[in-house]
Structure formats: structure tokens, C-alpha cells
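Read from first to last, the chains carry the letters A, B, C, D and E; within each, the first residue is number 1.
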Amino acid sequence: MTAPAISLENLDIAYDGLRVVKGVTFDVAPDESFALVGESGSGKSTVLKALCGLAPEWTGKMEVLGQPGPHRPDRALAQRCQMVFQDPYGSLHPRKTVDTVLSEPLSIHGIGDKDARVQQVLEDVGLDARFRFRYPHQMSGGQRQRVAIARALMLEPEVMLLDEPTSALDVSVQAEILNLLKRLRAERGLTYLMVTHNLPVVSFMCDRMAVMNKGEIVEIAPATALHDGSFSDPYTQKLYAASGGNEDQ
Amino acid sequence: MRAWLLDDSPASRFQAASGRAYRITLDLLRNPLAVTGALIIAALILTAIFADTIAPEGPGGQFLDQRLEPPSAEHWFGTDQLGRDIFARVVHGAQITLQIVALVAIISAPLGLVLGAISGYFGGWIDRGIMGVTDVFLSMPKLVLALAFAAALGPGIENAIIAIAITTWPAYARIARAETLTLRNSEFVAAARLLGASHTRIITRHVLPLCTSSMIVRVTLDMAGIILTAAGLGFLGLGAQPPQPEWGAMISGGRSFIYDQWWVSTFPGFAIILVSLGFCFLGDGLRDVLDPKSERKG
Amino acid sequence: DTPPDILVVAQNIDDIVAIDPAQAYEFTSGELVTNTYDRLVQYDAEDTTVLAPGLAESWEIDAEAKTIVFTLRDGVTFHSGNPLRGEDVVGSFARVVQLNLTPAFILTQLGWTPENVEEMVTAEGNTVTVRYDGDFSPAFVMNVLAARPASIVDMETVMANEVDGDMGNEWLNANTAGTGPFSLNTFRAAELIRMDANPDYFNGAPAIDGVIIRHVAESATQQLLLEAGDVDIARNLTPDQIAALDGESLQIDTFPQAAVHFLSFNQNVESLTDPAVWEAARYLVDYEGMTNSIIAGQMEVHQAFWPEGFPGALTDTPYSYDPERAAQILEDAGVELPITVTLDVINSAPFTDMAQSLQASFAEAGIEFEILPGTGSQVITRYRDRSHEAMLLYWGPDFMDPHSNAKAFAYNSDNRQETYTATTTWRNSWAVPEELNEMTRAALTEADPAAREEMYLELQRRVQENSPIVIMFQASYQVGMAANVSGYVNGATSDFVFYRLVDKS
Amino acid sequence: MSLLSVENLSVSFPTPKGRVNVVDGVSFDLGRERLGIVGESGSGKSMTGRAILRLIRRPGEVTGKITFEGEDLGALSERQMRQMRGAKISMIMQDPRYSLNPVMTIGAQIAEALRTHERLPRAEIKARVREMLEAVRINDPDRVARMYAHELSGGMGQRVMIAMMLIPRPRLLIADEPTSALDVSVQGDVLALINDLVGGSAINPEGMGLILISHDLPLVARYCDRILVMNSGRVVETCAAKDLHKATHPYTRGLLAAVPKMHETRETLPVMERTT
Amino acid sequence: MAFQDIRSGVIGGTAIGILRFIIVVALTFLGLLALTFFIGRVVPIDPVLSVVGDRATPEQYEVARVAMGLDRPLIVQFVSYVADVLRFDLGMSTSTNRPVAEDLARVFPATMEMASLGILIGVGLGVPAGVLAAAWQGSWVDQVIRVFALLGYSVPAFWLGLVGLAVFYAWLGWVEGPGRVSIYYDGITPVVTGLLTVDALIEGDWDVFKSAWSHIILPAAILGVFSLAYIARMTRSFMLDQLNQEYVTTARVKGVPEWRVIWVHAFGAIRVPLITVIGLSYAGLLEGSVMIETVFSWPGIGNYLTTALFNADMNAVLGATLVIGAVFIIINKVSDVLYRVLDPRSREGSR
């Protein structure tokens, strides 16, 4: 087995001294798509934030692509690991065109050939050239989420952290985004760590899942467990039932 | 042209930017108060530019034998205690007013904006430090503070304006900070940080542009007070120097005539009111239009 | 409306710093001292030009021995009820000299020092002997003894209120202890002065029960109050307001004043040292234009340093507005033009207007003024520092003797920066020609009144002709009054404002 | 006679490109049953619900006819309409965090709903509020009544919302995405609760009509009798809930297919053709 | 109802919170002191001159300079200045020859009285005006209120004061003229609170009260107009924010009458931020009274400050500045605290 893309061991994360994530341990293999599920406030987003340095108060062991985890956003890491946020409405600057949003990572890292790259990535996420000079308010939620994904892809990372990328979207749009993410992973060999509370989405997208409750991991299971609901932890079982798990077989 | 501007899918950066500007203009035009305000400001600017054409006699000519004449066909606004034509002085005063407005806007708004954004963005002791300073500045009587700075800089309208600008920035810093606080935790800022953007870049490219609209609004609303503070400084000998036709100084100079020669201080008073109203209307209109809340949705 | 027996005055009184006669040095405090204290000899309400007996009934002058012996009036009591004693006179004078506050110089020029004053002034029963040291004309000495700091205070009361060896200074700045026609009831700085009539005044009790002076800073507000009948007298109206006053129920009185208004050039400024510039300046003032308009009723043309209406005044006005001539003078002298200098001016009416008029008329001959208005203290700070360039200001005599002004306008024996002297000459860095200094000293000692007068006329002529000081106007004072007010006396300086004859019926 | 009948309802808003119908000729009848309205975001579901309560304010415009128990709502005065709101027709809003007054206690807000429509002695109001809170399965009603909105969890907030809307015993309840702000685990509880209360309970023995607005097709199918599918302001299909999987309209089919399943085997999810 | 259990909310709770609060306030005060001190040194007016006058001899000048402590190094002067201020010793006023602290104790209540009445007028008219403008957003009522509020922003205070006097005093005779009370009644009311109208009421002296009231109402109303402008604007924009909130719709869904929606629901939520606005404009009125006091010969702190400025009476200027500053800081901090105590959202939740 190769070295894991993400490796967490006994990770504790605190906000202002208050511990919200307690002793989280799991590995994500390269090219794997790993899901983090659990109810609201259980600390899922916090884990992702810690991985990219947005939650500086952490202790334990954390490794991303072999590098020790950051305590603040790190330029070098930025090129290898990117994150997509939950809310497509809040994650784009309201006064910047798509073009500006997508060129920015290139300017920051001094990468040239902006025009071609922006065009290419727009094509990759299924937006045609008409969108290039639009402002966020001229686009639908699904289109915005595509732009957000495109922005994350600009630096050609190996690992993508996805924080509920579709929870603010309609089913039909969600389907488009999920397809897109799936396609991109296949094309680029990306590693996904994806937060969601929608178990069917896990079933569609992921290989393995970890279930979090109150800051702790209660169970790690393969996604195939969703087919028959073979979970050992009572909380997971409850979650499964509440998601209509036993009905639509 | 219109279609090009309103195109939902602009083909270039330029088209996107002009489209946005055009939409803002359209929205402004739909707002009667804002239009009134814009017209007033436009009139002010034109008056300042063409002062010599509008009132060729200039603001200085004294005719002691024609002093304190009431408004007439010859002297539309009457004459003052030195026999100068008040209309000509009001017209030429537009230049000074414009200078005040421009200088304050150029100095204090950016200063307040940057400090406020830094304070709000970094938080912690930087925030406490900057906000402590603004607290102190804000708790001083404006006139006294301006007086001190004007005194330190030396007399003259420019220095008075700089002094006023120094006293105005703390209010703007507050606004910018409040705005930044709401932006600091937004996801687009987090996204920018993840891309490796430096703090400077985030503040200048992401945070500041969003604070400017509330700043523009606030600065325009403050203009009246600024013009009047400048007049107050002039009154204490630290602002506009005679015979400069500064409106506030003209009102002060005509104070003792107010009951018998009302026109001496009333016309410059109207000029100040009109221009302040113009700025206020425009500011109000801009707020409605620039408010990012109204723009964020479809 | 105002109460029947109380005179209500609207006046700007925020200049008051101190009301202790040993310290009082402002206009309004001068008025207060005049109405609450008396001096041995004084210019009195009945005729403000005649030096009349005050607390001294009679006196004998021995010019040889430099001694004057005063006999005190009988039966005079202070407001406290204490009788007036010779010791009060000695104590009052000694107090001024020993406290050595600003006005002390008026008395100390008689050769009095904190150490010797109690030998120079002695009392015995109801006579007081005053000795002086120096070659002074006795007329000069009498004028000094009629000046404000020579007011007699109730030493017993004052010393009873002494704190920390201040000789009652602090207490006297909130109270009065005199013999005058009024006693102070209330003094709230920049707010109110209330005086009660002294029924036992030796010259006769005032006709009214009291005077209330309300601080009203805005002249427009004063005008309203007067027109509405809520004050009897408005003291700070502008000429234009006076002109607009409704004549029916109101009256206007004009009082010539001793202050002279001048324009002066600091000799530290190279471009202002040329006598041709001084001369040209004399033709660049629009005397008539100003006195007919912005300062109508407030000033009269007067071009010498000693005010008209007092013995020894030079009344010639040889200069008039003539820009061509001025230009010619400058050209003949080859003065490099334009000259650009700042002009300091107090930022209140009518000074800023005067400055603007000067600015316009001087510009015609290529002298450009940049006006720097400032508060009184701001202007004085610069003046004292000699950091101004041109200055528009006025000067009021400290006491009514021509020497008071001769010293200020024609005498400067030490022009060094570190030897500050409160004269117009020093403050404009004008090293007065030794000849003028000599003449000033000689005039001071001349005993013959006619010869002395002639010497002062000559001094005035010299300064008028050739000095960096352009004396332009003499002040006059206009007061708006309700028609039923009579007997208000306003002499040539604020020391000569009397309320005791005022009647409101 | 049906409880509610909507005929040719349209709602329009002005846009830079002229007035746009966001609800476009919608008609349906509702008896004492549970009707689900589904559709994509922006399809006009909420606007339909709000139009029924006449809550659309300028510059929006409503046309069409809405009859409730035989009464034409469009003909009522604003005053009569207020008596209708809450008392006869009620609506549960999407997000309890924003839909509850932040500075009023929960108890006061619930009591207000009751007091607006009935004059009752204080004690009785208190008792009714308590009873209602118990009915929505809140454990410590007295304590919760003294709390403020921000002190409640999402699920509790939504229960409070339900209590507030049901306390005047309305005949028709419109629930606009009542659970989309909640956790999956709580969603079920809340919906079950609404379901119980609608069907007739101690609180409301007669039962009431329900319009459940949501974009979650499986969920609506589970809780409703009949389903209305909306797209761009129009009703594209109406069917019984149990027949949803037999829906014929391509739009409905498309929506259904796009939902991932718990035991997903498809490599890609089918997506719909869209115009933008 | 909405605020029934205000008392249960505690500011920061712990002693550390209170200590921190005190330190912040103290530091702000220190900053204020430093700034006022700096101003005193930088103003180009010689404070000694204002004591000794322009004709004093160099010796007299020097004596006064030493007596005023101006010969010592700046830092020493500052330290002793701070030490003095801490003992409420603001020095002697050179223009009144009395301790500045005493002067301020006398003039401050006069201003406070006028500003308080002004703010009452401003709040009494401004808040309803703002609420109405928001409730009828876009209608002519809204436009009229907005224009009126903007006018209040732009009119020079002393101009309004002079015109007000001419109209209501000289012409209509509705009010009495400048000053605090008619001279008949000056000084006869024992000082209890320093607020003349209140003192007169305490004394039960109706004539004095009527005279004082008749004097104060016009300047206070003019001050009121200025605060009204600001308060109405802020109220309007707060209300607009609230009226767009979902909970307002909820209230409408319940069938709550419109007046209740506006005054109980939306207005209930803005009461707390309004407190801050009102506090700030109250402090602003203290400062803004400078011009009005000159016009109305009002013996208040504004008048005192200008007189002192003109007379280069730096102790008085600094003292007055300090008091105004202190009031600002106090009002600021108190409204912060009120905010936290009164707004249920900022209290420690049970979640």
C-alpha cells in the first residue's frame, strides 16, 4: 500500500480553546474518495479547515501528501490541496467576474498563460465561454458552484476537500455537479475528502465513509455498507434509518 | 449599445465592467432623489469650472460705495459689507467647496478604509490598538481636534482641509472595520487564503472593494458637516483666508447683518444647504444602488 | 422687559481675565473696576476730561521734592462698612507693586519697588504722602495715580481673605472691596456681572438700584434683545446694525475713544524696511472709503498717536487715499515690486473687513497682503514674538498722559529680541532713531504744560511722517440704548465707563 | 366542496427586462388532504404558497382566483384577510433561525398568535401555549416558553414554529420547506409530527388540509397524498403520491432520476436539459 | 414581555471581564489625555500671554510661566497633568480665574439640560418619523421625511439659531430670548441638580420654571432638529433591514395587525441598536451645542469652550475637551454594555 494522501491521527481541534473535534483518526488513500458524514455541528467542516490551515488550533498528527499539516494557509500546500465550500453564494466575491476569480490563483502563484488556462478550466467544468465575464449574481447556484470548483482546479491540486458541495443545490443541479466531480476525479486522478450529510450522495460518490458524532469518529465503513445498512454503531444506524435507508430497496 | 451593455454574457472585461456601471447608472436614474443630487453636484462642478464665465467680475472687486445693496437685477444676490457682488462670490466659492470635498475624500476615506480594514481583518491586538486610537479621536470635539491639527500645520485652506481629514478618518475606519468583520469570515476570503493569497492581497483586492460603497455613501453624507467645519476653522483664523469666497466664512462674516441685510449670509447659506443636500441625496441613492445585498441576488 | 430700577446691559464680556485692580487689564474688567473702586484723584462721571478729586479731597504738589501730599476725604466707607484710612492707600499701592502683575508697571515707573514702596508712600492720619523717583512732570504723576491699578481697596477685608500669601488676589478676583458707586453682587465669567448700588457713595448714590451685564457674544443677538426691550443697552452693535436701529423707542450715542488704529510693518522683514514703502503705505489706505462704510461711526480718520480730544493731540490728517502717488513714490525709490507679506488681523468685525479693504487698496500699488485672521491671543502671541510681517491692530493708552503713547510709538532704546518691551516700536522691531528717544525722555520731564504739549506735537509729527507705523483711525464707540435711559457716561477708555448717573425713568 | 381552490393563479415581478410571471396560471383544488408541491429552486413554489395568504407585496402582482371554503380571498379587505391568516390558513416557514422574532420570547410569540384571533384570559392563554408545546413534543414547555429563538436548536425551533402556527387551529396549513434547514435525523421527526397533527389530534380534532412545499421528491412522496410538480411557474404534472414512480412527464421523470439512491450503481446521474 | 428577564443577563459575567472592561476604558482615557495635552502644546497661542496680557514685562511673563509649570520638560508636564486630572484637578482657568473643574461643574449641567431636552425632542420625533418612513418606504411620506432629515444635516446651526430667534422670539413672541432664564429670576433658585427647570420644579417655583422653559425650548428644539435628522435616518434604515426579515412575514402569517408587526416586532428588534445611535447623538449634541450656545448666550460647556479657545485658556479648553471626551467614552461604553445586557441574542444561550 502506498503512503496515504491524507493521514490523521488523534487529531484534536479547538476554537478559542473549546475542543470541537476530539481524537479523530483516519487515512485517505491516494485516488480514494472518502466521505465524512454526521449531523450538523459534529465537526466535519472543522476537520477540512484544519487540513488546509484555516483552523490553526490543532494538536495530534496530521499529514497531507506526506507533508506535516499546516497551522495557517500555506502557499506550497495550496498547489496540491484545495477546498470547495458549501455555499456557492458566499464563496464567490460578489464584485468579481468569473474571469477575475479564476485568474487570481494564477497571478498569486505567478503562473502564466492565464487566458488559455481559464478557458480550459471553464470547459472542464462545463461552463461555456459566455460565462467568463459574468458576475456571480448573473449566475445560478449550480453555475456558481462550478466556478468554485474551477477555481480550486486552477492550481491543479492532487487532493480536493469538498465541504457539502451540493447541499445548497437542487436535485437536478446536484446531479450535474456530482457527475462533474466524478468525471474530474476520473480524469485527473484526484483524491477527494468530501463532507456531506446525504448518505445517497456518499453511495454515489465515495469509496469509504467515516461517521462523526459530537466531534468523534464513531464508525468507518465502506460505502457499500449503505446498500444493506450493515452498520455497527447505533448512531450510524439511526442516521441511516432517518435517511430513508431501509425503505427504498 | 444598450443591448451590448446589458448583455448577460459579456465578451470582455471591459464590457462586463461597463455593463455593471451602466446598470448602476440606470438604477440611479430611476431614483428621483439620486438624480436630483447628481444634478446638483454636476451643477457645482460646472460652476466651479466656468466660474469666470458665469461671474466675470470675480469675487474680489470691492466697491465700498455699493455695500450691502439688496438683491437686484445688477446684483442678483445683493452685495456684501465691502460692496462685493455676492453672486460672484458664491459662484467662485464653488471652487473652494469642490476643493474641500475632493481633498477630504482623497485623504480621509482611503486612510479610514485601510486602517479599518486592517483592524477588522487581523483582529486581536492590532484591532484593539487601532480601535483604541479611533475611540480617542472620536471622543474629542471635532472642532478642537481639527483646530489642533490645523494649528500644527499652519493656516490656509488646504491645511485646514487636511486637518479635517485627519479628524474624519476614525469614523470611516469604524465603518470599514464593521464591514470587514462581516467579510472576514466569508467563504470567498477563506477561498482566497487557501489559494495562497497574502494578507495584503486579500485586504486590497477582496475586502476593500466591498467596503468602498458604504464609504462613498458615508463620505457624501458627511460633506455638509465637513464644509461647515472648514468654515468654523476659517472663523478661528485657520481656514480659508479673506478674501477667499469660502461659503462658510461668508455666512460667518454676514452674521451680524442677518436681521437687516439677510442676503449677505443667506445666499451662501443656501449654497451650502443645496450642495450638502446634493451630496446627501446622491449618497442615499448610491446606498440603495450599491448595497451589495441587493446585488447578490438575481 | 427689564426691571424698572435695574439697568440691563448686553455686552461681550468674555475678555475678562481678572477683576482685582492689581491684575485687571482688559477692557471689560476696567469698567468693572471703575464702577466699584475709587482712586485718590480720578476722571469722574460728570466730566471725564477733568482730573477731579476722588478719595483725596485736596493735594499739594512739591515738584522739587518730588512729593505729593494728599488729604483724604472724610467719612468715606468701603462697601464692607470699614472706614477709609490712609493705611488702605499705602496698602493698595504696595499690594500692586508687590504682586507685580501686568498693570504694576504703571505704578512702578514712579520708581517704586516692592522693597521701597512703603517708604515712597506713607500715611499719617488722613494724609497720604506720595514720593516718586525720576524726572517726571507732576502732571504725569497725577495721571498715573488716576490709573486703574491705583484704585484703593479695603485692605482689612482683603488681607482677611489672603490665601498662600496672595494678598487677597484670588478673593478679589471674585469679589470687590472698594468704595465705588456699585458693589459686585455676582460675577460669573463669560456669563453675567451683577452690581448693586452703593447708597452711601460719597458723590451721591446712583439713581438706579443696580446693573446687570449679560454676556451676549453675538451682536445680532444683542440687536434682537435691544429691539425686544429685554436689555436697556447693547454695547457691541456693529455700525450697520446701529444704522438699522429703529429710532422711535431707541437712541444711539456715540463716544469718542482714546484707542488709535494703525497698520505697522515688522522691520525684521527686509522688504518692509524701505522708508519709501512706509510713505507709500500712507497713501494706500482708503481712509474716507472705510470711515464712510464698514467702520462708519466706529472710527474717525486720525493720523497721530495721541488721540484727539486730549491735550497735546495732533489733529492734522495730511494723508489721503492716492494710489497713483503711492505707486510713484515706490517707483522713484526703485522699490522692487510686488511685495508680498502676511497681514495679521483679529478675526472679528470690523477688523477683517478693514484688512480686506487694505488688501484691495494696497494691491493697487503692488503690495500684496495675505490676510491671517486669528483670535486676539493668537495675534498677540505672534506680535510678541515679532514673527508677524504686517499687523493691523489698535493701541489704547494705559493712562491718560501723552507719555503713555509716546513711549509706545516713539521710543525704543533697546531693540534686541530678548528684551521684550510692550511697545508698538519694539514689537515691530523698529529701532527708533536716538533723536526721537531723546525727545520722548525730554517731554516726560518737562514741567511747563505748554512746552510739554508742543514737544508731544512734534513727536507725533515725526512718527506720522516717517515710521513703519501708519496710524489711520481713532476709535469711537456707539451704543444702542432704550429711549428711557439717560445719564450713561462712556469716556475715552473703558476706565471711563460710568453707570452711576444712569436713570431709567 | 373543496377546502381551497386555486384558479389560474399568476404572480409577476418587474425585472429589467419587463414583468415576468414567476407563477404562471396555476390551478388546483385541495380537499382535506395532504398536497405536496415539488419543483426546482425558483419554480414558484413559495410564491404560490405566499400568494394564497396574500403575502406578496409591491412590486409583485397577483392575478387569478383563490377560494377558501367558498370565500373569494381576493375580495376580502386587508382586515378580513388578517382574520383569515393564522386562524384559518397558516404557514410554516423554512428556517426557524430567521423566522422567529429574535428579541421576543418563544412563549410570547406563540401567545401572540392565539391572542390575535381569540380573546382569552391570561391563564388560559398560558395553558394553551403549554399544551401546544407539549403537543409538538417539547419536554420542558415552561422553560422553552421563556427562551429566545437563538437559544433553540434547529429542530426545536421548527417545532416551536409548528406550535405557533397550529395554536389558532387553522383549517389549512402550508408548510414551505419546513425541514430543509434541519439535519436528516431531525427532518423525519418534524415531518412525522406535522403529519400527526394534520391528521387530527387532541389539538385539532377536525384535522386540516396540508400543502407541503419541498424540492425533495422522495420525502414528499412519503408524506403526502397527492403531488403537484412545478416547473418555471407552471404545474407540469399532478399525481397521487403512490403513483409518483409512474409519473409520465419527462420533467418529473428527470427529477426523479437525478436523485442518488442509497445503493447507487449508476456511473453517472441522468441530468435534465436546461435552457440557461 | 420581550425584555422581561433582562436582569438575568450579565455583562461578561466574570471578574476578568469587568477588569478588562475597566482597563480598556482607562487606556482610552489615557489616550484622550495624551491627545488633549498634545493639543494644548501645539496650538499657536501662548497660554502665558493670556494670563499676563500683552503689556507684561519679561519678568512678569517668566514668573507666570514658571507658575504655570511650563518651564518643565514636556514629559514631566504630562505626568503631572495626568496626576492632576486623576485628582479631578483640571488646573486654574486663566480666563475665569477659577478652578476649571468648578467652572465645568457649573456650565456642564446647563448644556446637559439643553442637550437632554434636545435629544428628547430628537427621539420623540425622529424615531416615529424613521419608523413611518420605513413602513411606507418609497411613498411621499418617506420622501418628505428623508428630505427633511437631510435638510437637518445641511443647515448651519448658528444660522438656524439666529433665524429661530428672529421668528419665535422677536416676531411671534412665543418664546423668551437668549440666556437661561429671565434676569428677574436669575440666581434665585437653589442649585440641586444644576438643571434649572428641574431645580425650579423641586423648589415648586412655577414662575421660574415657566421662564426657564420658555428660554430653553427654542435652542433645545433646534438641537433636536439636528439629532432628529440622524436618528430618523438610522431608524429608517434599521427598520428597513428588519422589515425584510423572515420573522416579520411570520408575524403577518399569524394575522398580526400591521401596527403590531411594525411597532412590536420590527421595532422591538431595533430598540437595542437604537440605544447606541441615541447615545451617540446625545454625545454629539454636547459637542454640537457650541454654536447654538453662542447664539443663545447659553452659559454652557460649548460657550465655555469657545471663550476659552479665543482666550487661549488652555486649561479650560483641555478640561472641557476632556469632559466632552469622557462623556463620549462613557456613553459609548454604556451603550455597549446596554447592548449586551438588553439584546437577548448576545446573552449567553442555553444551547
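Going forward, a residue touches a chain if its C-beta (ideal position, glycine included) is under 8 Å from a C-beta of that chain, and two chains touch if they have at least 3 such contacts.
The chain list, named the UniProt way, goes like this: A = Glutathione import ATP-binding protein GsiA; B, E = ABC transporter permease; D = ABC transporter ATP-binding protein.
Quick caveat: nothing in here was measured; it's all calculated off a predicted structure.
Engineer: What are the chains that chain C and chain E (ABC transporter permease) both touch?
Structural biologist: Per touch definition, common to chain C and chain E (ABC transporter permease): B.
Engineer: Can you give me the shortest step count from chain A to chain D, moving only between touching chains?
Structural biologist: Steps on the shortest route: 1.
Engineer: Which chain has its C-alpha centroid at the greatest distance from the C-alpha centroid of chain A?
Structural biologist: Of all the other chains, the one whose centre lies farthest from chain A is C.
Engineer: Report the chain whose mean Cα position is at the greatest distance from that of chain D.
Structural biologist: Comparing chain centres, C lies farthest from chain D.
Engineer: Could you please state the distance in Å, as a whole number, between where the Cα atoms of chain D are centred and where those of chain E (ABC transporter permease) are centred?
Structural biologist: 50
Engineer: Round to the nearest whole Å and give the separation of the Cα centres of chain B (ABC transporter permease) and chain E (ABC transporter permease).
Structural biologist: Their C-alpha centroids are separated by 25 Å.
Engineer: What whole-number Å value describes the gap between the mean CA coordinates of chain A and chain B (ABC transporter permease)?
Structural biologist: That pair's centroid distance is 46 Å.
Engineer: Nearest whole angstrom, what separates the Cα centre of chain A from the Cα centre of chain C?
Structural biologist: 88
Engineer: Can you list every residue of chain C that touches 2 or more other chains, as numbers and ranges?
Structural biologist: Residues 218, 220, 224, 375, 378 of chain C touch two or more partner chains.
Engineer: If I count partner chains per residue in chain B (ABC transporter permease), which residues reach a count of at least 2?
Structural biologist: Only 236, 255, 258-259 qualify.
Engineer: Which residues, counting only chain D, touch chain E (ABC transporter permease) once they are in their complex?
Structural biologist: That would be residues 53, 55, 78, 82-87, 90-91, 93-95, 98-105, 108, 112-113, 116-117, 146-148, 150-153, 161, 164-165, 168 of chain D.
Engineer: Spell out the part of chain A that touches chain D in their complex, as residue ranges.
Structural biologist: Interface residues on chain A, with respect to chain D: 39-40, 140-141, 143, 169-176, 178-179, 182-183, 197-201, 203-204, 226-228, 238-239, 242-245, 247-249.
Engineer: Using the touch definition from the top, list the residues of chain B (ABC transporter permease) that touch chain A in their complex.
Structural biologist: Within the complex, chain B (ABC transporter permease) contacts chain A at residues 8-13, 15-16, 20, 186-188, 190-198, 201, 205-206, 209-210, 292, 295-298.
Engineer: What part of chain C is in contact with chain B (ABC transporter permease) in the complex they form?
Structural biologist: Going by the criterion above, the answer is residues 218-220, 223-224, 238, 240-241, 244, 286, 289-290, 292-294, 347, 349, 352-353, 355-357, 359-360, 370-375, 378.
Engineer: Which residues of chain C touch chain E (ABC transporter permease) in their complex?
Structural biologist: So the residues of chain C touching chain E (ABC transporter permease) come out as 2-3, 6, 8, 14-18, 25-26, 100-102, 104-105, 170, 173-174, 186, 188-192, 194, 212, 214-218, 220-221, 224-225, 227-228, 230, 375-378, 380-385, 398, 418-420, 422.
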